[in-house]
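Order of writing sets the chain letters: A, B, C and D. Residues in each chain are counted from 1.
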Amino acid sequence: MSKLLHVEDLNIEFHDHLIPETVVYDFDLDMEPGEIVGLVGESGSGKSMSALAVAGLLSRHDMKKRGVIEFEGKNILSCSRSELRELQGDEICMIFQEPLTSLNPVKKIGWQVEEGLKIHTDMSPEERKKRAIKALEDVEIEDAQRVYDSYPHELSGGMRQRVMIAAATIGNPKLLIADEPTTALDVTVQSQIVELMKKINREKKTAILFISHDLSLVSALCERVLVMKGGYVVESGSVKEIFESPKEEYTRKLIDAIPKCGSTEDLVENGEPLAGMKDINVSFIKRKGKNKEKVHVLKDISLDIYEGEILGLVGESGCGKSTLAKTLLGLIKPDTGHVSAKFPNTQMIFQDPYGSLNPSKTVGFIMEEPLRNLTDKTPEERYALSKEMIEKVGLSEEFLQRYPSELSGGQRQRVCIATALMLGPKLIIADEPVSALDVTIQAEVLKLMMKLHMEMGISFLFISHDLRVVHQMCDRIMVMKDGEIVESGDRVKIYENPSHPYTKELLKSAGLGPGGVK
Amino acid sequence: MRSKKRDFNFILGICLLAITLIPAFVGLFWTPYDPEKMDYSMKLAGISIRHIYGCDNFGRDVFSRIMSGSGITLLIAVGTVLFGSILGTVIGCFTGYYGGLIDECLMRINDVALAFPSLLLALVIVSLMGTGKYQVMLALGLAFIPSYARIVRGEYLRIKNLDYVKAAKLAGASDMRIMFVHILPNTKTVLFSSVLIGFNNAILAEAGLSFLGIGVQPPDASLGRMLSEAQAYMFTNPSYVLFTGCTIVMLILGFSLLSKAKRWQ
Amino acid sequence: MRIFSKKTLALILASSMAVTLCSCAGNKAKSDNTDSLITIGIPQDLDDGLDPHTAEGAGTREVLFNIFEGLVKPDSNGDLKCAVASDYNINEDGTVYTFTLRDNVKFHDGSTVTVEDVKASLEKCMGNGDEPLVASFGEVLKVETPDDKTVEVYLKEPDTDFLANMTVAILPKDHLDASTELIGTGPYKFVSRSPQENIILESFDDYWGEKANIKKVVLKVVADADTIVMNLEGGSVDLMARLSTSQASQLSDKFEVCEGTMNLVQALYLNNAVEPFNKKEVRQALCYATDIKEIMDFVSDGKGTETGSSMFPAFGKYYMEELNDTYNTDLDKAKELLSEAGYPDGFEFSITVPGNYKQHVDTAQVIKEQYKKIGVNVNINLVEWDTWLNDVYMGREFEATVIGVDASQLTASSMLQRFVSDSGKNFINYNNPEYDETYQKAAASVKDDEKTEYYKQCERILSEDAANVYIQDLPNLVAVNKKFGGYEFYPLYVMDFSKLYIK
Amino acid sequence: MKYVLKKLLSCIITLFIVSFLVFAAFALIPGDPALSKLGTNATQAALDAMRHKMGLDRPFLVRYFTWLFDAVRGNFGNSYSYSMPVASLILDKIPITLTLMVYSMILMVVISVPAGVYASYKEDTPVDRVIQIANQIVMAIPPFFSGILITLFFGIVLKLFTPGGFVSLNANPLKFLGFMFFPALAVALPKSAMVFNLLYTSLNGEKKKDYVRTAYSRGNRSKTVFFSHMLKNASIPTITFLGMAFADMIAGSIIIEQVFGIPGLGRILLTSIQNRDYPVVTGIIMLIAVTVIISNMIVDIIYKIVDPRVDA
């Protein structure tokens, strides 16, 4: 039986700018029917490009492709467009990372799910509708009928991804290519999607090419893994080989970067409270169409942050973490309760490195801004302090003249931290500081924050949805759900014997079940 | 981005502007003939080496008149755009940033301004303060404010929720500083292309007003007035109307190509 | 060009009338078909009401001439012929005018004209009580109808010119307010109108006199002067008057261009009450600096007739050709006079001119160029017609203006009375006791030759005193599609449709 | 429902402000309607009598509120120059200007939409480049210059229509539509260039979106992806522009009516301003204001229908 997929020294060159740029160098991949293969690498490693080439979606003429991609013996690169189209959507299907933008906003869900059938089969509309609803039920969507008639913006992130999978697998494809399907989702939803894909592989014998930058996820799903860096396949082998005895130095670095849960530094005893909130309630007026609803975001929250501590705040998106941070900073006025802060100018580090630096200003200007407004330091003093701070976060002085657009994600986040340090704050609130970064860079930034914590005695309020990072960084952890703090306690208690069911579920879906700590 | 295409737009735009702006600029100081000197023998004379654009119904050299005329038209356009964009931007800032009551009533006034034909507004100002370049500038400037205000407001609504604005607040910047030091520079690209488009609309509007006889007063002429005068001699002396018309078209085409050039985005 | 005109249309028994430079009458092979139609272009809609007694615009009265008739009616030579009246005689001392009614003259609605209708119409013009509706009817004492054939008009004081006022329209006594539906006795009757679009007239079958040749006349509003040539060439307009020379020169040979005069005095009217125009030397200097020939060249390709004072050629015996040479162009003399008056290096003044009259705007621009030679700097201030009426004519807030002054009735007084210092219409604030005294003598004298001599004396004073910088009587070019003939020039603002015919 | 009420209220306020501004404008403009009606020879007494008849001697506010009170009841007073009710004067001119605007809207859509879609579909081919340049040039031509050129080219050279030969609707509908094609074209050309531009850029913008890639991954042909997926998304900004274009087409029509000699509302507005015929000017401007506001409302409603993301 010929292999399902045989890719041999595939090279992709990109001809948009003046000088052609090679993105993928002699990429080889073989897949058997029903096999699940992982493709791991950081952003810019060429993993998505290779996947798109396999799916035949790199048809733009400024993409030069050399080499062989054989699907069941037929070379996709040389066959005619119409032959390629017969495969797409019937034999080879693909799902993408951003569920919201990957669905057509102005078309109904049902219409988009059925499209595969409309193209490849000549079923009657009723039959197609029946098949579509069955496909939606297969991906565990309750009342598929309502979802069938609704629009993409009316569904949650997880639901939308399930719709994508339903649309892709409705034609029982032989190969499903999943390009980082779970990155934009919450932890709990992430594990559900992975389970779903396992079920599809088992029942429909669909081979899956799973692309991701999250090694732990890949290890849970795939049998074989290819590690890519800078367009080259650095190493490939079974999951066990790669994890137990990585041959390549880069692979080892990748594995180390996964936050360990084993670290057992002693818990820091806490000093007096730095800042606190006393039964805070915050609600927004959300105008849904004609009627106005009062959405209750924070429900009587009280907490204290002690000096010299890193307090973790864990919860899924939409549970009110960011609102809590903004209320603590005074950016939002709570309906009831009050906020107390012993020391002035507590600072904040934001999640999206691209939105947190003013694109029209130089790094130096941004860093000196707090001094310019709140202190009467002379320009020379300001420059000296910013030079000191920029070097403290590991960047050279000449970065001060650069614009944010010239920096990488990691560098930008370092600049944010440096700016936060300018006023010598006692407390810094970090709202998901590393979740937008690649794993390796994530590790470096976390190491920097820990160093600052130790050396300058700055305490952090660390907000994240990634339980592993929280475990590595924080002493005390609070778990939030729908605007309420459901459980709080020191690290050992939360991870060893969580009491609240929601905390248990969070730990299980992050692969940190109370049993073994992976 | 197709790099070749951008240059194409940019180059064409620049040379069109060169053909129109250089004579306009030179026209401020020197013109081959005195734009107002009349010479009966040359009345409605066709194109000749001495008069490359021919002469008008007073025997005045059309090329010199276009030079000084386009100077005046550009002056009006610059004045209008400056007046309209500065005021429009300030209004846009406040309505976009603060929202609430100011936003509501200023937007109401905007709707009124859109519904109110700029023609009548121009006439009121011209009748009040007499005709002439500066009155036309004021009239058109006022008529342009709503469009700028709307554009700037949209930008402010978008930017004010971004993280770096919150960071600026945390850094103790006052509202005014945030509006003008932090947010305004980021609206540069949108403002710049809308200024160029505004420029074109100003030239068109001035030509419209002069066409209806309200704009610039004879004997000094803006392109619009010359075009309306030239129309009367369209049959016997088509060169007069065609050259004037084409100068306007080239001017506007040059600016719109420039605003299209991807160089700024 | 028509600016001022009295409400009534009157004509004095003038001896020689304007010679029409080219007669478009041509031979009169009239074909009498019932569905013939001519479209005549009019520069603006008759938007000042259609009541013949109060109609103000010259363009309006030009059309109403064909719908309404008075007891007497002017012909193309300017002589007054009997119309609704079959005969008239004036008593010895010119105080009583007796008219015999022509029998069975029909109104457009079919009813016959009676003496009551005539009496009612004349009394309407006398106005109710204090204020005469038609200014010249202030002189009328009373109107009597001794029998059903005669009407007697008694004047307060003797006036041999009053017959001209008898051309006021005769309306049916129960349709005196004619602003809505127009019923008169003229050769054409009113059919319909649509604002800013057209007005449609049709020939009146039982007209008492010579019937009109063309059945239907459509008066099409062509507001944009620049599209006139297009309309003519495109065939949507067959005849249009008062074209500029540049427009006329652009017409193909499909059209015959007849030439007459506009019967007005175009001049640079100076506000004599304003510095520096209160000094005679300054006014004379401007006259010497003006090259009228060059103005005519630019404005109307050399056509037009020069005028030396406030009188135009159509006035025949009053027109004094020799006054044209009072000031021939002489720049040195002009500069000399200027320094005498204390302005050695010239001065600056503004000309306010109505924007919708192209000939006047062009003249102002030529004058501006000419005065540069003697160091006088002119700036031109274009205003809207209504603003000109309000600010310049009524308010007299201006330094100088270029306008054409015409006469609503061909009486010398209607041209010269304006310059008497206390006259309501003396918008240039002319104040010359000698002129006032001479004018009084002219008005009082009964003998014709004596009256003429005094009026001439007035004109001479205006010219020597350089009250204004007199320029010309503008040419009136009428384009007629060669399919039509019979266009006749009248010395006054009249267009007689009934004479037109299809060749 | 509450939304519509709120919109209606704001529309009434805007109308109120516009009417006040128009009245104030006329109080400031020099020129006296009585004088322009009776002419220079009218005696002062006659002028005063006429001014009283026109009601001009009453104080400004009294005049405004009586006008407002009548206007609400549909009586917009009488025109000074045509001595006929303003309402009927406007009513019989509306069909002309309305035809011109609707005609040019249709032309605009017919010209710009297919061109925009075709050019974007054939992006970066010579065809696309040619259409782009043509679009730029058309956009740069001032409306009245395009009017002149069209009259010159179609009217005199090709003799397709007699310039200035306006035929009224009831006289001969077919000829009326035949004639109106050219002024409509003159009004439509600059606007269609803008619509083309907007459609072209938004279509190109959609090409980069993720859902297009998903559509291709399902094996769609590029034509179906273009028409069934992208076109609807790209049409949203274009529709809002169409609404705005309709509103400011009124200003364009004033100039075009002048060039083509069409006795529409624009012409009457212009002559009435010159004759200081207040009631007519106020009436027409109120009509324009109402049209602008209604067209904005229609655009909002269409926007809601087309884009499901906008909650009603």
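Everything below uses one rule, namely that contacts are C-beta pairs under 8 Å (C-beta built on N, C-alpha and C of every residue); 3 or more make two chains touch, one makes a residue touch a chain.
These figures come from a predicted structure and were not determined experimentally.
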Pair joined by the larger number of C-beta contacts - B-C, A-D: A-D
Distance between the centres, which are taken as Cα means, of chain C and chain B, whole angstrom: 45
Distance from the mean Cα position of chain D to that of chain A, given in whole angstrom: 51
Mean-CA-position distance for chain D and chain C (Å): 41
Rounded Å distance, chain A centre to chain B centre (Cα mean): 48
Residues of chain D touching at least two other chains: 30-31, 156, 258
Contacts with 2+ other chains: residues of chain A: none
Shared-contact residues (touching 2 or more other chains) in chain C: 233, 356, 384, 387
Pairwise chain contacts, counting only pairs that touch as defined: A-B, A-D, B-C, B-D, C-D
Residue numbers on chain A that touch chain B, as the complex places them: 16-18, 326, 329, 331, 345, 347-348, 350-352, 355-361, 366, 369-370, 373-374, 416, 419
Chain C to chain B touching residues, read off their complex: 225-226, 229, 233, 244, 246-247, 249-250, 294, 297-298, 355-356, 358, 361-362, 364-366, 368-369, 380-384, 387
Of chain A, residues touching chain D in the complex: 55, 57, 59, 85-90, 93-94, 96, 98, 101-107, 115-116, 119-120, 151, 153, 164, 167-168, 288-290
Residues of chain B defined as touching chain D within the complex: 2, 5, 108-109, 111-112, 114-121, 123-124, 127-128, 200, 203-204, 207-208, 211-212, 224, 227-228, 231, 234-235, 241, 245, 248-250, 252-253, 256-257, 260
Residues of chain D that touch chain A when the two form their complex: 1-3, 209-211, 213-221, 229, 232-233, 236, 306-309, 311-312
